[in-house]
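This structure is in structure tokens; I'll ask about it shortly.
Chain IDs A, B, C, D, E and F follow the sequence of writing; residue 1 opens each chain.
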Amino acid sequence: MTPVQRPSPITASVDFEADGVQHGFLRLPYSRDDSAWGSVMIPIAVIKRGNGPTALLTGGNHGDEYEGPVALFDLARTLRADQVQGRVIIVPAMNYPAFRAGTRTSPIDRGNLNRSFPGRPDGTVTEKIADYFQRTLLPLADLVLDFHSGGRTLDFLPYAAAHELPDKAQEKRCFDAVAAFSAPYSMKMIEIDAVGMYDTAAEDLGKVFVTTELSGGGTSTAKTVGIAKRGTMNLLKHAGIVAGAPETGPTRWLDMPSGDCFGFAEDDGLVEPCIDLGDRVRAGDVIARIHPLGRTGQTPTEHRAALDGVLAARHFPGLVKTGDCLAVVATVEDTI
Amino acid sequence: MTPVQRPSPITASVDFEADGVQHGFLRLPYSRDDSAWGSVMIPIAVIKRGNGPTALLTGGNHGDEYEGPVALFDLARTLRADQVQGRVIIVPAMNYPAFRAGTRTSPIDRGNLNRSFPGRPDGTVTEKIADYFQRTLLPLADLVLDFHSGGRTLDFLPYAAAHELPDKAQEKRCFDAVAAFSAPYSMKMIEIDAVGMYDTAAEDLGKVFVTTELSGGGTSTAKTVGIAKRGTMNLLKHAGIVAGAPETGPTRWLDMPSGDCFGFAEDDGLVEPCIDLGDRVRAGDVIARIHPLGRTGQTPTEHRAALDGVLAARHFPGLVKTGDCLAVVATVEDTI
Amino acid sequence: MTPVQRPSPITASVDFEADGVQHGFLRLPYSRDDSAWGSVMIPIAVIKRGNGPTALLTGGNHGDEYEGPVALFDLARTLRADQVQGRVIIVPAMNYPAFRAGTRTSPIDRGNLNRSFPGRPDGTVTEKIADYFQRTLLPLADLVLDFHSGGRTLDFLPYAAAHELPDKAQEKRCFDAVAAFSAPYSMKMIEIDAVGMYDTAAEDLGKVFVTTELSGGGTSTAKTVGIAKRGTMNLLKHAGIVAGAPETGPTRWLDMPSGDCFGFAEDDGLVEPCIDLGDRVRAGDVIARIHPLGRTGQTPTEHRAALDGVLAARHFPGLVKTGDCLAVVATVEDTI
Amino acid sequence: MTPVQRPSPITASVDFEADGVQHGFLRLPYSRDDSAWGSVMIPIAVIKRGNGPTALLTGGNHGDEYEGPVALFDLARTLRADQVQGRVIIVPAMNYPAFRAGTRTSPIDRGNLNRSFPGRPDGTVTEKIADYFQRTLLPLADLVLDFHSGGRTLDFLPYAAAHELPDKAQEKRCFDAVAAFSAPYSMKMIEIDAVGMYDTAAEDLGKVFVTTELSGGGTSTAKTVGIAKRGTMNLLKHAGIVAGAPETGPTRWLDMPSGDCFGFAEDDGLVEPCIDLGDRVRAGDVIARIHPLGRTGQTPTEHRAALDGVLAARHFPGLVKTGDCLAVVATVEDTI
Amino acid sequence: MTPVQRPSPITASVDFEADGVQHGFLRLPYSRDDSAWGSVMIPIAVIKRGNGPTALLTGGNHGDEYEGPVALFDLARTLRADQVQGRVIIVPAMNYPAFRAGTRTSPIDRGNLNRSFPGRPDGTVTEKIADYFQRTLLPLADLVLDFHSGGRTLDFLPYAAAHELPDKAQEKRCFDAVAAFSAPYSMKMIEIDAVGMYDTAAEDLGKVFVTTELSGGGTSTAKTVGIAKRGTMNLLKHAGIVAGAPETGPTRWLDMPSGDCFGFAEDDGLVEPCIDLGDRVRAGDVIARIHPLGRTGQTPTEHRAALDGVLAARHFPGLVKTGDCLAVVATVEDTI
Amino acid sequence: MTPVQRPSPITASVDFEADGVQHGFLRLPYSRDDSAWGSVMIPIAVIKRGNGPTALLTGGNHGDEYEGPVALFDLARTLRADQVQGRVIIVPAMNYPAFRAGTRTSPIDRGNLNRSFPGRPDGTVTEKIADYFQRTLLPLADLVLDFHSGGRTLDFLPYAAAHELPDKAQEKRCFDAVAAFSAPYSMKMIEIDAVGMYDTAAEDLGKVFVTTELSGGGTSTAKTVGIAKRGTMNLLKHAGIVAGAPETGPTRWLDMPSGDCFGFAEDDGLVEPCIDLGDRVRAGDVIARIHPLGRTGQTPTEHRAALDGVLAARHFPGLVKTGDCLAVVATVEDTI
């Protein structure tokens, strides 16, 4: 039995069917101690002209990842309707409360939006946002681009990525889009635990879905913002929404073939990184040491690579806690 | 009238006059709700052999700067007494409560240790630490090396630095030490507001004082840790405490000739960096844009360079608040 | 399939079937860090004599609204059993943890009690309270009076209100009760989103339900407390529980015919109110300005009325956030 | 011995000697965990033309009082230089961190600015602000107007006020200015405990000083904002800075002849106000009752007037704590 | 319909089927603001040799109860595989986040683990832990021993306990195990509200389940740790996993025949204990007084025993809040 | 030069010179965000009849120590003026904000009252309280009794104590009073660091000063309350204020001859107590073990006695942090 779901409490101040450039809000009523009849107001822009495919572009799925919001606030401001054939829907900061707080999760309910799909219209604020994307925005889209970076606690090699999918035709469309994005690195992902992800929600609806990891640490640089901006325009050109050919360059394909790629700390302490992102490692190489914090003269524990590859991601803060992901080693492929 | 000061409440479990390697604590009694008779225990190591100069090596003056603690925990563990002629005193994490919390200032009293000198024996925990360095440790030292980086909110080009000093002979000794440290960049600093700094406390006591800024963001890398480790050994060799010649390499000298070097944000918003650390700028170039957060379609404000030079430091987090230092432009000198 | 529900964990120390005046508690076990075997103790009074209808009188559904609690603590203390024919059940502070904290929602679980119905016996503390009213107290009642005001963040013209209902006979009984209450203003409400409300729970059980908004701001005045006290006695007289005729006076009927009545802020800032509660407005009149906070010399945004009417409610605090309800304009009817 | 004081760390981006309208900042460096090189940026406006007296107009001395900020942000935006003969310095939000937080005291250091004078250049953020007013802004001024209201926890009859002063000529100038302000009520104050007040700082420097209390509760209304705006222009006209005669109306003079005017709660509880602001009371009348919160059926304590007069101020929130000022009774004078 | 449940996200680094001594972790992925790819790492030890029954030994179900963790960390360190016939699984701190915080409930989600069974694989962190015990660890066990004490807010006479069960054969096995544990007191419990308890989860699976209360207050003593250590070894011997006979001593059997055993505070205040744990009381005796906190000279309320017995448990902190369990009186049996 | 000090802002509602029983407040104005004109109200009682010595009895110097407050609230309630010759001043909770919060230090300013003497009339709330005792209450007293226990984090053998003093006549009067108090243990203290203590303030004014430690853990028992009550009456009788002879019993005199008595933890971890309070130890005996928290199978550190004696105090909570006082060993004397 499929229960009839309540309508979303979110209302959009933009008309998704109107041509032209619109800047507006998704208004989500949120009653709370400091505003009895308050709302969360999520900025949204729609740029549309005539018929054509729809691209749904999102950043701020996690609130402390910045390449996406920078590229998308900029795009929303500068993309003209006459540049477009079809529709571009831009939500630069999906989990807007998290984005305003500069945190991965929502300060309202500690919700990790990317683990909250399909969401609930009568759930937490984060679940209500997920539900609106699930039931209203994703169905409008043909192509979905969701920007991620490492946030305040992880740092990545800059890559665009797609998932291996059961529908190989859909998978090919996704990897073609990744290639069009043309980041310095590209990743083929096998999601072990896809429950609750926006990625899965989009893919299950048959969409072409591209995601990224573009460095991290809770900052951005001119270089990584440039990757995001160029990649976005490349995708819009690839989809035929914006005219012209993608400006592609070389990319290196990475793979994470097993759980051995991921290394977790088994001690609290001070991290001494022994190699940096992009460096080659061989199985058994020391990637990092963890020094005990309580006194001098103690022997640090050593964290070693479990397989050959490159250091693709790392724990960012100077201190580490037991259980934190300390390092990710990816293998390098030359062709997809 | 000079009041007779109370003794420091801090007691050291190491004997500064004993030869050999000692690992111990500075114990600072600190009564509080969750420990009526508790203490702050600051790790300290002393490596001593015979007569010779004393180097006082410190990290964690600000608790979220990591190259110093990593290099010094490692040195304290590995430096043997037979490698030393004289004495090396190592405090890897001066503001130890801040270091444990991973924050710039102390979680106990929000004290910024580097603005708390000369401290007070009956003041806050942070002031008691400052007082102990002022009256007990600094007088023991000939050479003082204090590690800094940008911490969680700033990022720097990696440099060692000393101050212009009224005593030109002392100043020369300091800059010679900076040169011996041999970081990729070296800085000549004119401190506008030196009140409360550890630097000033050391310099006023006639010590050779070297400080650093070695990137930032609240992390460290293999590369920046390498600079810190090599620079420390270089200094010990330069001082004759460790045998051998410093391993020096090329360094570029930077200068900050005026207050125009420092740019402050006049708006809250999302930072779009337009150039990166080390990039050349000309006066009038856009260094960064600040996008308003509340809605799409708004014009960002532009932050421009006030003089020619290189981008030497920048605001690190992806969001910025009014009043934050957004960028520092330094001029480049070829010779000191 | 209707699942068999677990019994409520709440136990009452009063006997709802006993004649006389009883003061007691609803005890809700609540295990927590600072009391392993603790409870929430919600004050309740029952005044009963013989047969007759039951009035259930509640305040503190939101914890920062005070006319109800003042009138009901006072009534519970002063109403004698010999004044009553039937039963009066008084819970002056339904969401008792919120009432003690002086906040709209519960400090325990941030629950908004008036959006938590029908509740759950194994849910949060707030949901357990809702469940007890839903399954135990509401079934005992014929007449339900629930006091509201604007709380700390809204301010209202003082009115009693009932909802338009599908059962027109029930609706008439409700509006007759509103008229008997005889507040300075009376309101006919069409609830757009009635999910989770106590109002709906009571109405769906066929009860005569009256609610109020009696100013706000997190305070009360002698004048608004007087309205609450007189209105309560008027209702008890109207229901035949207390002897005598209601002391009625003139009331003005208000209506909120559409969503255009509600105005939301689209900017953060400092509120400059341009008209006050009860003032007449015409569509297009400026109701308030919002001044940017960051610097002087900026143009404020203007918030204008969308229809003719009177200012019936307004944002109370001096600062406003994007998404807050800034103003409510109601139309005025002369007859119901 | 008078110690030579350090200069203020605050720098102004406006030139106090330049003609015209300037909007700028007082920049106060404030290093902290979330901004190593951050600043507090206090908005300031200067409107100047030629020679003439200087008025220093301030709001936000307490951060939750809004008539002053509204009137002064508006004045700073609209006052033209050609309207002025002399100089108007406007700081709409003195304790700017408190103003942004909507709290009486600073969220940085919990400083009550109006108890922090003369301040210290090396003290807390709040003390640094006080020091800047003490040593830089007050010396520039002839006339000082500082807006207050009751804030979130008190409510007042709207009045302008000055203090009885030892210099009777200065006192007369102050009361003449109060009369020119022309609020509905005017107050002659004998400050019992003037330590640390901005009032005292200004008066000790021989300035004409006017303050206000314009209702409270952490809000403002069109009516009270109107009083503030008209009063400000009246003062500028009275001082000859703006041309024209003050628009005065009737005012009632109040007095607080003794400590008996102030009533403090000796119990925690729920406040039942028995009279409202402006109501006449006689000694022995019940002003308010305090109901115990823990259970129904308890006898409330009664708070009675100690002298004849009008209710001039009252505790605002619906709950009261032991030690809170519950009510202030002022006596009424017909002439000054 | 039984839904197919998702697998647990928890992975164990130990092999439950391998002989020998293993020390490892239960790793529970937990993404959060300060660690995007973080985990909770719950220590676990498995000591196994050959065939034989499995004992599952747990402490830290509530995080502020210490006899269990002390005895079990010690046992995990000292028990050799050659001492064992069968298997001993030791989780010294079940609700590990609570244990590290020293709180009853989890600092992550405020979950009370002992009210979270059977848990959910996609629920809160606490629910995920419960689910892992429910579906993975409990099925491995024959005998389950779960240590409790009063925690920071309660204090108990030291006893081991089991529940009356519908399956009298199982009940007998449980009480035989309680007798083997041989604490100074033993308790026969009738659980009124068993929903969500680990006890119930284990009993419903047919396991022999023993629990304890071994004093409290958030501490432990040499004496109570001794009871826990000896009791644990006694149980392992009783089960035949460790060779030898239990070292038993005298125990007094207690009973809590009705809800009258539990006394709850109806006032906030300062507790004056009038009798101590283990003291005999008669119905009507004063157990404790509660002094009002606000002023001197007030009459304290008296809390009296409702039945004859001994004081078996009491509120621990010096202050009490309305609704806290103040005292538990148990009756004493001489034989089971 | 002695500066003229400002008067205390505290006012007493009792008349210290009036005969009879008075219950009142010390009112300390305290302006804050949630009460602009608020006060701290410290309960005080004065029982006086005719001439005679004055006893000043205090509890709650630390807010989480309960024997004193219980005994003194009870005494204030029950002591009749006709029982007294002279004057008894009772302040059951000196640091009243800390007492209400149940914490050692003040929740307002984190002030440790017993390290805040002589205080300041313009300092923090805690310093203002100290100043009032220093300048107003202590001068009124002949005999001062200040109750302490271990609070939430320490536990003591129950003893009364006095200090060795330079004035041997005063010292004898103090130890005679300790003997009259007649606790199970008595202590002769040599205060190493007496700065800021109430003890020192009283002793420097020549008063007879007695203090206690009566167990701890943040609770009290019937037994320890009994010691406090009897000891207080004994002292009043000893001073001749209450008629009759002290009810004395045997006491054991303890001594802490050196800093070796105090043992501090050098590791974080789980405490395994190996002996209990009052147990005999010999130098080298293991008093406690500290188990690492992160995993099973680790070797605990052992804490050993440095001298022969009895365990006189211990760390109370189950977890310990580096720097916490873990144990105090006292030597036992048979005669004073």
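Keep this in mind: a contact is a pair of C-beta atoms (placed from the backbone, for glycine too) under 8 Å apart; a residue touches a chain by one contact, two chains touch by 3 or more.
This structure is a prediction, so every number in the text was calculated from the model and none was measured.
Trainee: Taking each chain's centre as the mean of its C-alpha atoms, which one ends up farthest from the centre of subunit D?
Mentor: Here the answer is chain E, farthest from subunit D.
Trainee: Same interface as A-B shows up in which of C-E, E-F or B-C, over half of contact pairs matched?
Mentor: Repeated interface of A-B: E-F.
Trainee: Pick the pair with more C-beta contacts: A-F or E-F?
Mentor: E-F
Trainee: Do the two copies subunit D and subunit F share over half of their interface residue numbers, or under half; same or different?
Mentor: Different-residue interface.
Trainee: Compute the distance, rounded to whole Å, between the mean C-alpha positions of subunit A and subunit E.
Mentor: 43
Trainee: Quick check: how many Å separate the C-alpha centres of subunit C and subunit D?
Mentor: 35
Trainee: Taking the mean of the CA coordinates per chain, how far is subunit B from subunit E in Å?
Mentor: Each chain reduced to its C-alpha mean, subunit B and subunit E end up 49 Å apart.
Trainee: Mind pulling the residue numbers of subunit F that touch at least two other chains?
Mentor: Touching at least two other chains: 25, 41, 64, 266, 294-295, 317, 322.
Trainee: Based on which chains touch which, is the overall arrangement a line, ring, star, complete graph, or other?
Mentor: other
Trainee: Can you list the subunit C residues touching subunit D in their complex?
Mentor: 21, 23-25, 41, 43-45, 64-66, 69-70, 73-74, 76-77, 90, 92-93, 99-100, 102, 155, 217-223, 225, 270-276, 279, 291, 293-300, 316-319
Trainee: List the residues on subunit C that touch subunit A in their complex, please.
Mentor: Going through subunit C, the ones touching subunit A are 62, 64, 103-105, 110, 112, 115, 150-154, 193, 195-196, 262, 264, 266, 317, 321-325.
Trainee: What part of subunit D is in contact with subunit B in the complex they form?
Mentor: Interface residues on subunit D, with respect to subunit B: 6, 9, 25, 27, 29-41, 122.
Trainee: Quick one: in the complex, what on subunit E touches subunit D?
Mentor: 266-268, 294-295, 322
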